[in-house]
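What follows is a set of structures to go through.
In the two complexes that follow, subunit A is the common piece, with subunit B as its partner first and subunit C second.
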Partner chain A sequence: MADEEIGETEVATDEEAAHPFFEGAQLPPDAARRLAELEDRPGHKGMFTSDLSVNEFLLIKEVGFHPVGFVMGSSIYHLGIQTRRWSQSQELAKLTEAMYNARELAMNRMDAEALELGADGVVGVRLDVNYYEWGSDTAEFIAVGTAVKAEDGKSYRNNQGKPFTSDLSGQDFWTLLQTGHVPLGLVMGTCVYHIAHRSLGQTVRSAGQNIELPNFTQALYEARELAMTRMQDEANELGATGIVGVRLEEKTHMWGDHTIEFLSLGTAVVKTEGEHQIPVPQTIISLDG
Partner chain B sequence: MTDELRQAMAALGAGAPHASSTNPGATSDLSIDEALLLHSIGWEPVDLVFGVGWWSIPWGAFQTWQAGEVTAASDAFGGAMREASEQLRHESARAGGAGVVGVEIDISVHSHHVDVTLTGTAVRRIGEKPSGDEFLSDLSARDFSLLIRAGWMPRGLVAGASFVIAPRRSARQWAAQKGQNVELPNLTEALYLARERAMDSMQQMGLGLHADGVVNVKLREGPLGHNPRIIQFVAVGTAVKLADSGHRSVEPMMVVPLDDPVLAFEAASLRAKPGS
Partner chain C sequence: MPPSDLPEAATERLGHGAWSSALSVPDFASTLALGLEPVGFVQGYCVMQWSWYQQGTTAPFLGGYGQPVANAGSYSEVYRCPHGMVSAEHRTFGYNWEQDWLETSWAQGWGLAYQRMMEEAEASGAHGVIGVLDAAAPLAGSSTIEYSIRGTAVVVPDSPRPSRIFSTFLSGARLAKLIEAGYTPVSVVAAMSSVQMIGYCITRYQMSGQANMGWLGSVAGVSSIAQVGKAQSAARHLARAKVRAQLGSDSLHGAHLDQSTREFGEGDMAIQCVIKGTRVRRFKDFNPLPHPTTVVPLR
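And then the complex of A and B:
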């Protein structure tokens, strides 16, 4: 049981791989047509679509933004193979790269849709991974959110000229703006890590004892640190002063017990100019049961 | 009908606060809070109404050796949705309602038919006669009252669906890049476009209603029960329109609930579950 391979494969042809589905700001015609219909032009009254709840919609209006459209991006990605050593804790760089690339593809496509609508940002972003029965070792990465535009005509795009993205809900977005911060972008860090199995000797020695298992502790600790550092690096690139709403997710996906993806996700924010008076919250006792 | 039941029905009719001669009792699936909220904006529940649409899908529509979109199925979905909405609107008008809120949408797609069931509560402005232009909305009565307060009106329930057969790959494709990190463009395209199409047909319905926007869009997707190679995408939302009075601020307040905190920490939540 020395080395094991992750995954069987079913793969695209060379020609397919050479031509990704779409790149950059070049939207497929169906998507471009759908988004064009949302915009006002002579003889055609546009409208917005959004997955915001009524509360979120009204709160976003309250802080001077208007939803412009429901945007999404997706990518079906085939995850490569990497050899893991039974007794060694290590990052699986190839799988980390796959998880990064696939999410980037989905997010960039969502950004392209938002740019098409002339949006300043995307709120309520959800990043999901879907698996289908028919695709072994393939996963669909999908990003959806609601593109918003500032009603005062000011640009809220980030230092990369892109609309800001944020996984904050409408409620959190409202609260964040009350404190004088604006979101810059959804930042993430990921690390796929293989945690070494314990040797027979270690298992025997620790049987019946209260002891820490340093190799497990260290492996999990290191993997989490790697993911969080990568997230922070992304935030620094955006010139953020902080990251809010960080979530740390740990998933084994389809790799079995000892291989785990550590994903940290948060919204990078920056303090705006000027003083902000944070309103004193009212205290309430709800009458719910 | 037993005497007890008859008495209970009579009591229900007599107890309704805004009972008129044509509509002796209000039946609704609203909670007490929701009924109160409706009254606070000058609306009242009228009756529980429902609509059903049942459309057949032609034989052989789901041929999984082919790839691409199954337009026969999305057409059937459109038809069933239209029929159910029409019936719901008709029932609401008959009950004297101006529209239906809190519509529960139950969609099931089988190999040879699609059925859509819509259930909701017909509502109207207190004392007002229905205008004949009923709206439908899957927003709860709570969301509905918030929307009205902010100067918006629901226009209608909008939905779109698409069904796509996942493309297969040849054995040659299979072996070509074993073990690589690579995007699968043909699959990505098929699913991406199916999602776009579901949203587009929802959007077309909204534009047809001259709405200003669609809120609360829910995108449901997943493999069909009877054939996992077919993936369905359903987008549903409520089209809304700004009333002539314009948008009004809802003046949100920051509050801290003083309810007893829930001190629950699950250590197991930190650990990835096997197979998840």
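And then the complex of A and C:
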């Protein structure tokens, strides 16, 4: 059976990754200038920017953190081609690697901005993928969030010396701390999978029957499990005890119906030391219509 | 894929390291407050080939004569034209019937996905699965449907392994309230019913807005469309009966009914009704909740 796309099994490298701007997570000059404006230093009164709502701001302050700046990182990535067998379900390892690396680059650059501000963590992280008309097979991966710093001077950075990242809202961050857990990092796992086309013979043999297609079940099941396992591996590297708010997203991006990216995302957490009493929830009635 | 075989990656994932959970942080906090601890995100899938038609059931098309619904389930009805005229455009007969082969396929697909999720839960040593989410969606083409069921496996710390793992669509505060009200979740239940309707002349005129034409004589301008009403009512009744059969002496909590209609010709439709909820069992008397505090959110 013919291959769907014939060509080198390659994915373009991110040229920008080797650009002097980004070597050693160095920030672009404009970013460094913007962040310098936010910092408190002798003779200069700093200010913070954030995308927190007022309520989120209030709750972040209530648990002893202060926002220090809105941070972001991005990576424009060219997604190359990979040979796919028409009749075979298989992981497209090069595309998996590309989708993972692109997000990792965006996250690392956001981390670099947070480090520049001396932050302990980043809350409300959003990880988006955008496509533009000017670049076929090109996507921009963006990570944005609000960097926060503990007011008690204690470090909340993770075992890799990086600020924790999390997609938790201010409300969720507050609630998580009440349970005796702290976030360690936004963890993810991905798997780009090609689903086989059915041959004419297979289609004819099962025409008119409602039956399970075990090969398809197994292939998709495996793909999701791989994405989740990779996410858990990231959490284990951070020394996490668990991951909360796991989402399993499925997108075909620009590849057509038969190639799907399974992306698993969540916030790795660790239990703080000592006994922790979880407050008993109170029953309330909201007088809000 | 044999129903008892978990993918290798699933066995590895559930076997070690950090637990994962699909619970939101508020639900996670409520779950801990309830004395349950998450042990893993569990999932099950089943891809089914899906065909709306089956041999032996296409006879009613074109308003044919004779007995058309050889494969109907427990419900079927025949409607006959009162006008006494025969033409290619005038449907002499109309039929409603239960498509039990579709119901059986749905039950198989949903059931296998559920069974696989529960096997993952068992492999992770869980006492139960909370916050269950289910979906059925076409996969890479219109003739396949993938059933997916996911949830968060939980344990009651320091408790022996149960003889049977519970499952529920509820999680967090809603689950806590259910237990506070004296009920324990037993399992999620779901059933689908499917009724196909081939409209006869009266139904077709009513649905096309021509019923007030004087020459028809037999139908008022504004009136209920009896055949459609009967088909929809039968679909709901059949789904309810299937769910009730799964409950035994227990009750259904949080019943959710989802009815959809697919029109495939003038006056012809297939009605699908899915009912799902959590089977619950009373384990203690109801203790009135503490008097709630009133609050005004400052939004």
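The rule is short, and it goes like this: the second predicted complex is superposed on the first by the 267 of 289 C-alpha atoms of A that agree within 3 Å, B and C clash if a C-alpha of one lies under 4 Å from a C-alpha of the other, contacts with A are read in each partner's own complex, and residues count from 1 in each chain.
Heads up, the rule we're going with is that a contact is a pair of C-beta atoms (placed from the backbone, for glycine too) under 8 Å apart; a residue touches a chain by one contact, two chains touch by 3 or more.
Everything quoted here is computed from the prediction, not taken from an experiment.
Undergrad: Output check: A:L59 vs subunit B and subunit C. Expected answer is one of first, second, both, neither. What do you get?
TA: In the superposition, A:L59 contacts subunit B only.
Undergrad: Kindly classify A:G43 by the partners it touches after superposition: subunit B alone (first), subunit C alone (second), both, or neither?
TA: A:G43 contacts neither subunit B nor subunit C.
Undergrad: Is A:G201 touching the first partner subunit B, the second partner subunit C, both, or neither of them?
TA: Neither: A:G201 stays clear of subunit B and subunit C.
Undergrad: Applying the touch criterion given at the start, work out whether A:M228 contacts subunit B, subunit C, both or neither, answering first, second, both or neither.
TA: So A:M228 only meets subunit C here.
Undergrad: Between subunit B and subunit C, whom does A:G153 touch in the aligned arrangement: first, second, both, or neither?
TA: In the superposition, A:G153 contacts neither subunit B nor subunit C.
Undergrad: Looking only at subunit A, is it subunit B or subunit C that touches more of its residues?
TA: The partner making contact with more of subunit A's residues is B.
Undergrad: First (subunit B), second (subunit C), both or neither: which does A:L105 touch?
TA: first
Undergrad: Using the touch definition from the top, say if A:V244 reaches subunit B (first), subunit C (second), both or neither.
TA: A:V244 contacts subunit C only, not subunit B.
Undergrad: Between subunit B and subunit C, whom does A:G161 touch in the aligned arrangement: first, second, both, or neither?
TA: neither
Undergrad: Figure out whether A:P281 sits in contact with subunit B (first) or subunit C (second), or with both, or with neither.
TA: both
Undergrad: Return the residues of subunit A at which the contacts from subunit B and from subunit C coincide.
TA: 55, 175, 178, 257, 279-286, 288
Undergrad: Can you check the complex and tell me which residues of subunit A touch subunit C?
TA: Contact set of subunit A toward subunit C: 55, 168, 171-173, 175-176, 178-179, 195, 206-218, 220-222, 224-226, 228-229, 231-233, 235-236, 240-248, 257-258, 266, 268, 278-288.
Undergrad: Any idea which subunit C residues touch subunit A in the complex?
TA: That would be residues 1, 7-10, 12-13, 16-26, 28-30, 32-33, 38, 41, 43, 45-51, 53-55, 101-102, 104-105, 108-109, 112, 116, 139-141, 144, 146, 150, 173, 176, 289-299 of subunit C.
Undergrad: Under the stated contact criterion, what part of subunit B meets subunit A in this complex?
TA: 139, 143-144, 146-147, 150, 166, 169, 172-189, 191-193, 195-197, 199-200, 202-204, 206-207, 210-219, 221, 223, 228-229, 231, 237, 239, 247, 249-250, 252-259, 270-276
Undergrad: Going by the contact rule at the top, pick out the subunit A residues touching subunit B in the complex.
TA: It is residues 5, 7, 9-14, 16-17, 19-21, 28, 30-31, 33-34, 37-38, 45, 47-55, 57-59, 61-62, 67, 70, 72-81, 94, 97-98, 101-102, 105, 109, 130, 132-135, 138, 140, 144, 174-175, 178, 250-252, 257, 260, 279-286, 288 of subunit A that touch subunit B.
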